[in-house]
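Residue numbering begins at 1 within each chain, and the chains themselves are lettered A, B, C, D and E in the order written.
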Amino acid sequence: MIKISKFIGPATLLALAVAAATPAMAKDYTQFGIEKDLPGTCSYEATDAKDYSGRSLNVITHAIPVIGEPTALHAEQFAALTGAEVNVVHVPFGDLFQRIMIPFQSDQNAYDVLFYASLWIGDFNRFLEPVPQKYIDSTGMSDVTDSFTGVATWNGEMIQYPMDGDRHYLKYRTDIFDNAEVQAKFLADTGSALTVPETWEDYNKVAAYFNDRDWDGDGELNYGSAEVAKRDDLMFSAFISRAAPYAKHPDVKGGFFFDLETMEPLINSPGFVRGLQLFVDAQKSFPPGGNNFGLGDEIFSFGGGQTLMSYSWDDAYVQANQKDSRIRNMVAAAPLPGAGEVWNRDTGTWDTFATPNRAPYMTWGWSSAVSQMSEEKEMAFDFLCFFANEANAKNDLQIGRFGVNPYRNEHLDVDFWKGQGWEDKTAESYVSTLSDMEESQNRVFDLRVPGVSQFMSSMANGVAEAMAGQKSAQDALDGVAKEWAEITERIGKDRLRAAYANVVKLEDNEG
Amino acid sequence: MLQIDHLTTAKAKVSLDNVSFLFEAGNIYTILGRTGAGKTELLRALMGLNPLINGDIKLDKENITKRPIRDRNMSLVYQQFINYPHLSVLDNVAFPLRRQGKKKAQAQALASTMLTTVGLGDFLHRRPSQLSGGQQQRVALARAMVKQSRILMLDEPLANLDYKLREQLREEFPRLVADNQESVILYTTTEPREAMELGNTMIVMHDGEIIASGPPADLFAHPPTKDTASVISDPPISFISGFVRDQVLYFGEGQLAPSEGLQLPPDGPVTIALRPDAIEPGGAFTAKIGLSEFSGSQTIIHLDFDFGRAIMMVEGIETFKSGDNLSISIQAEQMMLFAPDGRNITLRDN
Amino acid sequence: MNKFYHTLKTLFLLGWSIFVVFPFLWALSTSFKDANAITSGATYIPWVDFEPSTQGWTSLFTNGSQGINIVGPFIDSAAVTLIASLVSLILGTLAAYGLSRFEYRLGFVKNADITFFFISQRIMPPIVLAIPFFLMLKELGALDTIFGLVLVYVALLLPIAVWVMTDFFAGIPKELDEMAMTDGCSPIGAFFRVILPNSVPGLVVAGMFCLIFGWNDFFFAFTLTFTETQLLPVSIVSLNSSVTPWWSLSAFALISVAPLALVAIVVERYMSRGTMSGAIR
Amino acid sequence: MLSSKHFFLLPALLTLVAIILFPLLFTVRVSFSSWDVFQSGLDFIGGSNYVRVFADDRFWQSLQRLSLLSIISVSLQYTLGFALALAVWKQVRGGRLLRVLFLIPMMTTPVVMSVIWRTVFHESLGPVNDILSAFGVGPVPWLSSATGAFISVLIVEVWQWTPFMFLLLLAGLVSLPKEPYLAAAIDGAGTWRTFWQVTFPLMAPITIGALIIRLIEASKIMDTVYVLTSGGPGTATETSSYYIYIRGLRDFQIGYSAALSLVYLVIMIISLTIIAKLLLRTLVGKDE
Amino acid sequence: MAKIVLENLGHSYLSNPKGEHDFALKPVNLTWEDGKTYALLGPSGCGKTTMLNIISGLVPPSHGRLLFDDQDVTSVPTSARNIAQVFQFPVIYSTKTVRQNLAFPLECRGMTPSKIKQRVAEVATLLDLDYALDMPARKLSADQKQLISLGRGLVREDVSAILLDEPLTVIDPQMKFMLRRKLREINRQTGMTMILVTHDQSEAMSFADEIVVMKDGLVQQSGTPEELFSQPQNDFVGYFIGSPPMNMITLEPNLGSLSTEAINLTKPLPAAMPVGNNVSIYQMGIRPEHIVMVDKESDSIGKGTIIKIEHLGVDGVVTLKLPTGVIIKAKTRKHTEMTLGDTFGIRVCKKNALLYIDGTLSSSLN
């Protein structure tokens, strides 16, 4: 019911009226909250020139604020610039899939524009409109990094409109790790030096050491690790991050979750089991209630200064570095911990690595698309193009709660982040961590196949059972593998293989 | 004239079983019977409230068995004081007139007159809940009578009232229904005194059947069956088992030869019915006094004989001591005999 | 009443009152917090424990990007709830009256079975119905409309109205309607002229239950709408993002509870008069 | 009479049938199809969804959990609601205010209040553990341990729905006759005996109605679990409807979830009927 | 068992009663002896229920004291008063059997099981309920349920009095008769004081050794049934006791005596005439039962024509119209032999014609 064009506050309305009435002076768009309009295919100026009055656009997006808030903001701007009516509905993550899927499956043209998690491409691809060439050629699109162009592509065709970049990486507190006193004490207590964890074993050890102590001296207890562990939240992503280095052997090709040839699930292979075991062990370093943390809790916990380390999306990092944050510039980024031993399924052995094996998880992020059923496809793509224009993207990156993260090459610029008030280490470690992931040859991608929710929900359930102590790690994952086989059976191996090949191509760096 | 033929209702705890009767206009019929005898069911069946599985109802020769309730031209007063809680007393009584299509003013004028007749002229604008029980029942009565319907039925209308109020309304009753000369009035009650006092014709019901009917005095004097006799008197008639052999009536150790007042049936078992006035103090029989109690000017004495219990009623207030023995006589003229099948087999000379 | 018992009772009432009020007080306090006030552990009293902020409240009346505007959803919610409650109440009252006064028979199906059929609708978990309802409303072109939601809510609320009113009518002596019929009303007339005017307590209770269950439904409001029609519970979950704005949620919760708190006052009034006896059984 | 009796029943009956019949029949049809996220439409796969239901341990466990949860929560609601109703039945100072107050939770939207409760139970940032720690207790793993999560869900359910019981029972209490109480006092019965011998039997019909209605509603518990624990930790608070929800709308296995729903529906109707009969027999002593 | 004394006992539901009419029960002194039967009789709203509630302890009286065996129990709670009560509508413990119902008061008092068993057996025999002991109490008929209520009082050996609050209302007339007798027998056998509240004068007369007639919160007269019948203290008692009510014939002061043209019967004029304008009303009260109808030719104090005959069974009520238009009622057993329009002579024994001045029995002049 958020009808932007109808419920606009009087003041804004006046400002917009002035803006619309005086196109000659319209080079200044600062009343929209941006620093300045940046040139580009879908710049404010370019969009301003379009007239969609009397037409309307239905948009479904995530709940406020993550993605939901920028959607609403840009919808409001787009409406003001073009005269269109833009209706935005905000849906919590857990229900976003079905809210999009039900109309799709019942041929109901409910939404023109969709914002959703990129991994659902396997299910949605049949219902999405390919991005027209003129938008692929747009200034914004050409600068999108290869990873995220890849994520948006299905069978060689771009059907998602990239507007966010996501990956998991490690976040830690520099005021502890770089503190000489703490380092000395750690050495004395454990016999090893305090370094940023290189492996998940290290991570657990450091987390355990710093758990349940008031190491920042604010009178409240602090904890070791904040992780997303709530079953139906995004816990499956956390698990993949943890398991990837043990299960993704740089020399083994042909599938991470499945063996692409046989389509046998690999989810209960020793690599995954090791990852799960470490996840289970890590629970003792969680804050109280930590094993029921959703992403929001994790952000509050690490971003609020409660915990020493965390890994997942950028949100907590940005939150920690907000202007009013108590721990601003006391955090740094690093690649996800790796593994000293990696399971090699070709040989059936554990291979030892001198330099820990890293397997960066290019986890799903937000993406957008236009429905095939839409009767306003042109306006829909214009809106997405406007949403992701240079000025908006830069603006959105700066606001932590928006959940928009670097996905263009120009975003990976230390100076830009320093310009936001980030200090050297905070900005540099961030940019280098992100850039390095782009370079990696051992990346892991989401299982972007039809029925991905079923696979992930089954996996999350198994992981949750192990975490809750209901089953051992091996038993839990055996159960998951069995269910995966059943799901595979229902979907059909060939159909699944065809979809999974898209993912394997990216992982094996053939894309 | 209301004629009912073979009325039968579906089997239930209490149901009508093949009831036929002819009711004449201008008469008051009191229907006497115990709780569960079928009195209420009969009224409800006439009204159309209880479905019939057999039988016909004819009003002035016209068969109205299937006619909707609202067109039956009957009214019914319930035992519970039921009025429309949401309407004033005046509107309560005007309600049926309004349904007949009368204008509001006219209906209210008629209602107001009727309410004055029943003595509620000062309470027109109260709600029924603000009245006493007796007054509420007067409202119900007024509402039933104001329609001047062909059949006016009253289902134990006084049962829930105070004793003296009951007495007073009974006294007033003939005057209250004086306007309904053309109607058949049916009045049910469990009290024999009330039934005898109010009705021209008394009908006795038992187990869903009409077992006797006639002028109250005749029925009282000659109840045709034992079931009738058992409900028709207050204080109740006492029953004693006995038998006749060789023209002598034996009961316990007592025996009685036929006399002027009473002839005896052929040999066989009989039930002897003793009215409260059939026993008098002084005489050949000996009884133990179980209890004596006053009732107004009379004294009711519960007697224990060797052959059973009986009740004697003597005029005046006299004190008898419980446990004492008393010699009494039994008046053959007041005695009745019933056959084992319940038939009245009393034979008298006159 | 001995002293021990009295003390026990007072403590129990006190304890329960605190339990009842606690989440509201917490929400009230939280609605004036900001991120810093929340992440630093539990705080309670503004100015003492934390610096109050009004962003939770202002966001409810601001548009678009800065928050969610609850005025529209509030009106939609009220419209759907009121219309559906009214329709359910009318249909339910008629049916309940019929079930309490007449005998129905359809093969082996009797009154009790029909009543059970009505009430059994509540046993159905909403998930069962989500997709079929979606398809049905799609065929009717009623998706994302107030009409469509009213239709679904009627199915949801009708059993409640039937349940309450059947019990209520069972408490009204059937002699009352019989009397009306002998006084010249048709069965339908008897219902409207006599029974209905005397059913206000039952209607109030049934109406109240309909309002509560209608107002508070989340699932169908969520599944069967897109953008045009949006109900209050749905707009609150649109705040349930991965970063939850506790302050807006709290303010929102307090606002959405307010209208039904008024209902509580009405209900209490009827209850203490004892007029509800028979209305609930 | 024939037509008017239908005038009353038919509008509601037909409306309900019209609204509910299609969804119901459709669900039956769908349950024989393999409608899934990757395959929309009604093919026919026989009873294989049902075969799967009977082998689905997670479903049967969720049903057990649901029984446990709804029986415990409804019993608690009944006991507490009755106690509260008894406590404010007779004159109490501020009685009216208390009555209004006690009613309010049932007026609130479960999904909204669950969000608030989630913040209340937040183990490090919420007030409950903070207050408990002042007494040296805790931190209690409200949402992160199986028992804790179960208890949290119980607490929220009790908070939300005890008022419903309170309302029904208090309305019943105020309409009770006085004489039996006087008789009990004369017989020398104390508070406890009076309750069990007088109040409780007199309230039996209301008790049955209230318990059944609450059991029906409680068995659908969904919003609370959804917001509070998402069925976790592990599957500790996963109830049947939540499980069906996951299968149906998260996994989008429409065909399978339809089969689950119908099996669930049949089980619920049968067990509620049995419970109702049992209650009727034990509380009212009706033989049928 | 106890003597019950009402000492200046009165009650007003108002906190600060201003006058007489504010009292639901006007202060009264009464003494009830142990072991007798009493009835509180009056129309609804007369205060009889208030009095009963005061005795049972449900209502604390605003004035006066209540003594059980000279002990002040005014503020003793119901449970400690050792009374038993039977209510208008049967009160039973519906979940219990008859046996458990009867045992309940003893269980509450912590009596030993063997003693309970013995008492229950005794009482069941007394009430003829042996056969029903193991039946669920709720399945019994209304009159049996009333017996159970009574039995719960009887099992206790410490009962001071059994209060009966219109216990026969819901009972069929025929059963009423039996139950009433049962109550009397129990009173005789156990010697328990019983107090019956009723609006039915015949019930009160037949049940009670002594009746308290009440109206508007005021005790009108208290005495034996015989006294109430033959010497009603005022016109209300004359009206309320007896059916049909007492005939009241207005008398005029005439030549030093009070007389009427209707019948030939006079009463002496009271010595002290009322002062001022207050003209007193003089009436002669004659019970219908005391009017003897004789042949119109015989010696009589007046003649009347029959205008109505009510047939009540054994006896009947005959309404006579005297030549002056005064209407009187007579009760007779010969009604069946009479017809409307017949003229009869009337005789009344002088002692049965009572003088009432302003509605109050003038005891000195009768």
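One rule holds in what follows: a contact is a pair of C-beta atoms (placed from the backbone, for glycine too) under 8 Å apart; a residue touches a chain by one contact, two chains touch by 3 or more.
Everything numeric in this text was worked out from a predicted model, so none of it was measured.
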{"item": "For chain A and chain D, chains touching each", "value": "C"}
{"item": "Chain labels contacting chain A and also chain C", "value": "D"}
{"item": "Most contacted chain pair (by C-beta pair count)", "value": "C-D"}
{"item": "Of all other chains, the one whose Cα centre sits farthest from chain E", "value": "A"}
{"item": "Mean-CA-position distance for chain E and chain A (Å)", "value": "93"}
{"item": "Whole-Å gap between the CA centroids of chain D and chain E", "value": "57"}
{"item": "Sequence positions of chain B contacting 2 or more other chains", "value": "68"}
{"item": "Residue list for chain C, restricted to those that touch at least two other chains", "value": "38-39, 41, 130-131, 135, 186, 237, 240, 244"}
{"item": "Touching two or more other chains - residues of chain A", "value": "95, 98, 106, 233, 300-301, 306"}
{"item": "Chains touching one another, given as label pairs in label order", "value": "A-C, A-D, B-C, B-E, C-D, D-E"}
{"item": "Chain E to chain D touching residues, read off their complex", "value": "56-58, 77-79, 81, 83-85, 87-89, 91, 93-96, 104-105, 108-109, 136, 138, 149, 152-153"}
{"item": "Of all residues in chain A, those that touch chain C in their complex", "value": "1-4, 7-9, 12, 58-60, 62-66, 68-70, 72-73, 75-76, 87-93, 95, 98-99, 102-103, 106, 108, 110-111, 218, 220, 233-234, 294-296, 299-301, 303-306, 315, 319, 324, 326, 401, 403"}
{"item": "Sites on chain A touched by chain D in the complex", "value": "94-95, 97-98, 101, 105-106, 123, 223, 230-233, 286-292, 297, 300-301, 306, 450-451, 453-454, 457, 461, 464-465, 467-470, 490-491, 495"}
{"item": "Complex contact set, residues of chain C against chain A", "value": "35-36, 38-41, 62-65, 67-69, 71-73, 76, 130-131, 134-135, 138, 143-144, 222-223, 225-230, 235, 237-245"}
{"item": "Residue numbers on chain D that touch chain E, as the complex places them", "value": "177, 179-180, 182-183, 185-190, 193, 197-198, 201, 285"}
